[in-house]
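Below, subunit A partners subunit B and then partners subunit C, in two separate complexes.
Moving on to the complex of A and B:
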């Protein structure tokens, strides 16, 4: 109604919306807060599904549809970020879309398709607007329908060890009224946040003050960072050297990220223990290891503990050390709670992720070297553990 | 078919290679030998950079270089290397290679240390022996080389010395007044100078003769007096816009300071009141608002010595011309002062106008404390002594100070409030517009105190007072809007709370009904 995509109108219409239109400020604030809270909710939902093994058969496709919806939500975030056409959004989108170039063979073509030309221009804005308000919502609505259909047909996943979920309640009116109660509560919280913190909580990557209008002729200013949910990838990209193993750094980084996300997508098929309705501590540990991995990279991207200038070698060293201590602290809490409360005894992936952080942040090894050492040790530990388990199984099977 | 195409391609390529080879003439044997020469350590004397430079030379320059080797003016590889190392563009290299003076005076085999020009003269050598200075000289760039000043025939390969007749035969260093006339041969000739630099004035000598420097040199024959070379250098005279020039804006204070900051050189020179001429001007200037603007911020609009004192006609700024001199840049303030009642009073007391309050070489950044009757006031001292019977002057000064301080404080406070309101998501653009108006008025008011007129000052600050009122109303409006947002939120929370309570009660009732039906 008020937003007008276009190089000469996008920023101006946003400014008009937030300053002149009655309750326009509230709409934008609620929109931005909802977007971030939606991603936080999805991350929490995804990890809880992962930890509870709710993805196990016959719910593999529910996991996959959820996974795709999560990717679409990130797409919503990325495409919506450019629409105000302000300085930060413009340059962050330029840097973000530039990564597509690293895709082998079709990289340049993909970049051209994404941007509608070689550079971020009004064409990019039109494309992102279409993505944000038409294409992604249509896809999302379809997928959420399928996702809910699966949930409705298959029911809630029972805890591991049980074959049938506890008796449920009627969707209408009992479940619907409870849902409404929660929805009202969330809406109230959202309103409070939107009124008292209209530009976000002030955390880097989670703020949306309109600022200055984008000027494509200006050089990109230093220290541009993406939204918080892309920070881990941004930092991982920075950890790669320009060239490694005969590939360009960004290409190799993209390969690693694709591999990790690919593994995450096919977890229901990899976790055979959960498929047999047996506890699978290794996959729970894999989930916790992923949390440690993402936490360290995100903290580092926030330059926690950085000196001035933040990009100096001395500052980077201090940032790595400070973030390592914070991550190790969090890791210690996670391990202690799992050990004491949940009686977990499988810590190879969490241990490897924490070793990676310690080698890099405390001993000063490069991120990739530390990762290679920790990864190698994790592989040896997993193989040893699997072989030992097989031996025990064989011994038990052979005994009368 | 493919074979025919291949043969054709090979033939075309061979033809092109042949044409290219024919276009590049072979290097003459002597020159080639020097280029290929190796030193005692069996490494090539000509460095790869020098070789690359040589290969980029055009045929004309290569021919001149070859000629110098054929006529045996260049006979050594290190001599050739020192010329190639200059990396000159073709026009300058052409001048150099046609000048036997330079070619001979750069040959370490032929020259004594005191006559050898090189890129790195030994420590303690006379500075004019730096070859880089010679080729960077503004005269050299226009084709005027050694013989232009020293005489002789640069084309003469017998290398005879025939110095020009204008040079005194003896005691050239004792009485340097001849240098003025020598430079003026060209620089005072409008027709000649027009050929090289039509914009360059030709009245330098006339101005210089009228200056204290000129009188000291020409009339008093004082050996400390500067001549042309003292400021411009001997070799290596560059355009004043060149940052390396000794008369570049950023280096003028060093050039003047070479004498004026040296107590030994300046010993015996006195001010009109008989006190010794100070030598702290450069130090004061460096710390001044002008010095910092020029030297730290690189603001070339900031003045240096010659902006106030002149250059060839350099002289002290007269009492009557201080405001003219300052007014070249501070035109508004100077004009206001000239129209004020203080102008006459200052003239009566023979006070140096602007300099009386602001100083001269060490002018510091002004502040509002200089107004009024406080400890830093510029007004009190003179007014207590000379204007005791004018109490309205103090009142006016206090009024100026209080008005500006009030507006400045309002600007700062409302700036903070605007920032807070912006963080709360309110529209502060209209407030910022008015704050800019206020800032503009404060700037104008600070300038208009130089009118020393309350009426004039009031006219200027009137828009500022209106801006303060507008800002106050706008911030109040924004605060009210924020309060209404909070009230709206409170009402929404109550409404949502009521709805939640209703849903909860409905749920309870349903659960009870279910429990009842189960029983």
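Moving on to the complex of A and C:
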């Protein structure tokens, strides 16, 4: 309606929209809040699917389509971020797109394709605009159709060990009216947030003041951070040394992230217990371990507890310690609730994630050394447990 | 066990081969233009020695550094405490952010992931895997500054 992509027009049209157009500020605020709330909702949806094992057969492809849609949503966030062409947008896109150069063989080609040249320029803006308003929406609409078709054909996943629950009410009007009520409730929350906090809640990575126009000939400003949902990866990039295991730091970081995300994508095929409709405590614990892992990195990226100057070695040490205490506190609550309320007894992955945090934040080991020790101990614990379970099974099988 | 006739090329296996080759060729002819279309042509612009403008010179005097375009790249020109001129690639070798000169510490700093380089471009701390490439900058008799080109050796 008002936005004009281009080096001389993008920022200017956004400024016009927010300062001159009647209720332009509100439309932008609703757009930004919706984007953040959508990601929050998807994270909650994905983790609830994970914990309830709703991905088990025959719903593996529902998980995969959801996974791809989550990736597309992050793509929406990333491509939309550049469009105002302000300083933050410029550097966030420079860093985010630069990471693809670490992809073996096709890295350079991908970088040029994404940016429309070797650097972030107006060409990148045109490409990201096309992605944001045409390519990603088309892909998303197709995938959401498939996702909903699966849900419609297969119904909701019942809890583990239970049969499919019978449908309780008619879709129309009973269910439709309930849905409408929930929709209205969410819409009102969105409006209240958009009206009273038009530039976001002021949390780093969750604010959208237009700020100053991008200038490729100016340096990145101190305290620059990406959106909150990319903070963990931003922090992980900082934790890798220049070189390790014959690879450059960013290459190894990309490899580790790809492996972790790859495991997350194929969970329905890895979780054999859930596939047999049996409880799979190890996979629940894997989900909780992931939450601990992401929380610590995100808190650290927020420089919680940092001294001035925030980037000094002394400050970084204090940040690591403070964030470790916060994460360990959260971890203790999670473990206690799971132990007492849900009677969980499988804590290897959560334990390893918490040990990683403690070794790094409290004992001062480097992030990667602490991670390697915790990871190794987790592997030993899992192997021991699996072998013990097999031995018990064999004994039970052998006894008359 | 396979009989001798199984290993001999038959009319069917030849047609299968022909079909396979045709499919690959067809896919190639469809996909190659798409891949080629997506990658943009290299941009042509001024190359060779570049003289700093009056605005850039004022910024250099005022801030101790300025970032200027040079042969399609961004170059950081620094004037250190001893009034020596130094020029380095302004793109951090970690994730491509634009670096800056911190006069107080006499280092080059990247704000994105807290990387520090010395004035010769060597990594002092932080995650960058390579030093910053260096350029040659010269002060002219009239007080102007010219970036001559990239240095090939340290």
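Note that the second predicted complex is superposed on the first by the 397 of 400 C-alpha atoms of A that agree within 3 Å, B and C clash if a C-alpha of one lies under 4 Å from a C-alpha of the other, contacts with A are read in each partner's own complex, and residues count from 1 in each chain.
Note that a contact is a pair of C-beta atoms (placed from the backbone, for glycine too) under 8 Å apart; a residue touches a chain by one contact, two chains touch by 3 or more.
The model shown is predicted, which means the values in this text are computed figures rather than measured ones.
Asks: Once the two structures are overlaid on subunit A, check if subunit B and subunit C clash or fit side by side.
Replies: Once subunit A is superposed (C-alpha atoms), there is room for both subunit B and subunit C without a clash.
Asks: Tell me which partner A:174 touches in the superposition: subunit B (first), subunit C (second), both or neither.
Replies: Touch partner of A:174: subunit B, not subunit C.
Asks: Of the partners subunit B and subunit C, which touch A:184 in the superposed model: first, second, both, neither?
Replies: Only subunit B; A:184 stays clear of subunit C.
Asks: Which partner does A:192 reach: the first (subunit B), the second (subunit C), both, or neither?
Replies: It touches subunit B, and subunit C stays clear.
Asks: Between subunit B (first) and subunit C (second), which, if any, makes contact with A:83: first, second, both or neither?
Replies: So A:83 meets neither subunit B nor subunit C here.
Asks: For A:357, using the defined touch cut-off, is the partner it touches subunit B, subunit C, both, or neither? Pick first, second, both or neither.
Replies: A:357 contacts neither subunit B nor subunit C.
Asks: Counting only touches as set out at the top, which of subunit B and subunit C does A:240 meet: first, second, both, neither?
Replies: Second partner only, subunit C.
Asks: Residues of subunit A touched: more by subunit B or subunit C?
Replies: C
Asks: Where does A:25 make contact in the superposed view: on subunit B (first), on subunit C (second), on both, or on neither?
Replies: The first partner, subunit B, only.
Asks: Just to be sure I read the superposition right, which of the two partners does A:231 touch: subunit B = first, subunit C = second, or both, or neither?
Replies: A:231 sits against neither subunit B nor subunit C.
Asks: Just to confirm the value: shortest Cα separation between subunit B and subunit C in the superposed three-chain model, in whole Å.
Replies: Value for subunit B versus subunit C, nearest C-alpha atoms: 8 Å.
Asks: Contact residues on subunit A for subunit C in the complex?
Replies: 91, 94-95, 97-99, 109, 112-113, 116-119, 123, 216-224, 234, 237-243, 248-250, 311
Asks: Show me the residue ranges of subunit C that touch subunit A in the complex, using the header's touch definition.
Replies: 35, 38-40, 43, 67-69, 72, 74, 90, 94-100, 110-114, 123, 126-130
Asks: For subunit A, which residues count as touching subunit B in their complex?
Replies: Its residues touching subunit B are 18-20, 25, 29, 173-174, 177-178, 180-181, 184-185, 187-188, 191-192, 195, 198-199.
Asks: What residues on subunit B touch subunit A, complex-wise?
Replies: Contacts found on subunit B: 423-425, 427, 429, 485-486, 489, 492-493, 496-497, 499-500, 503-504, 506-507, 510.
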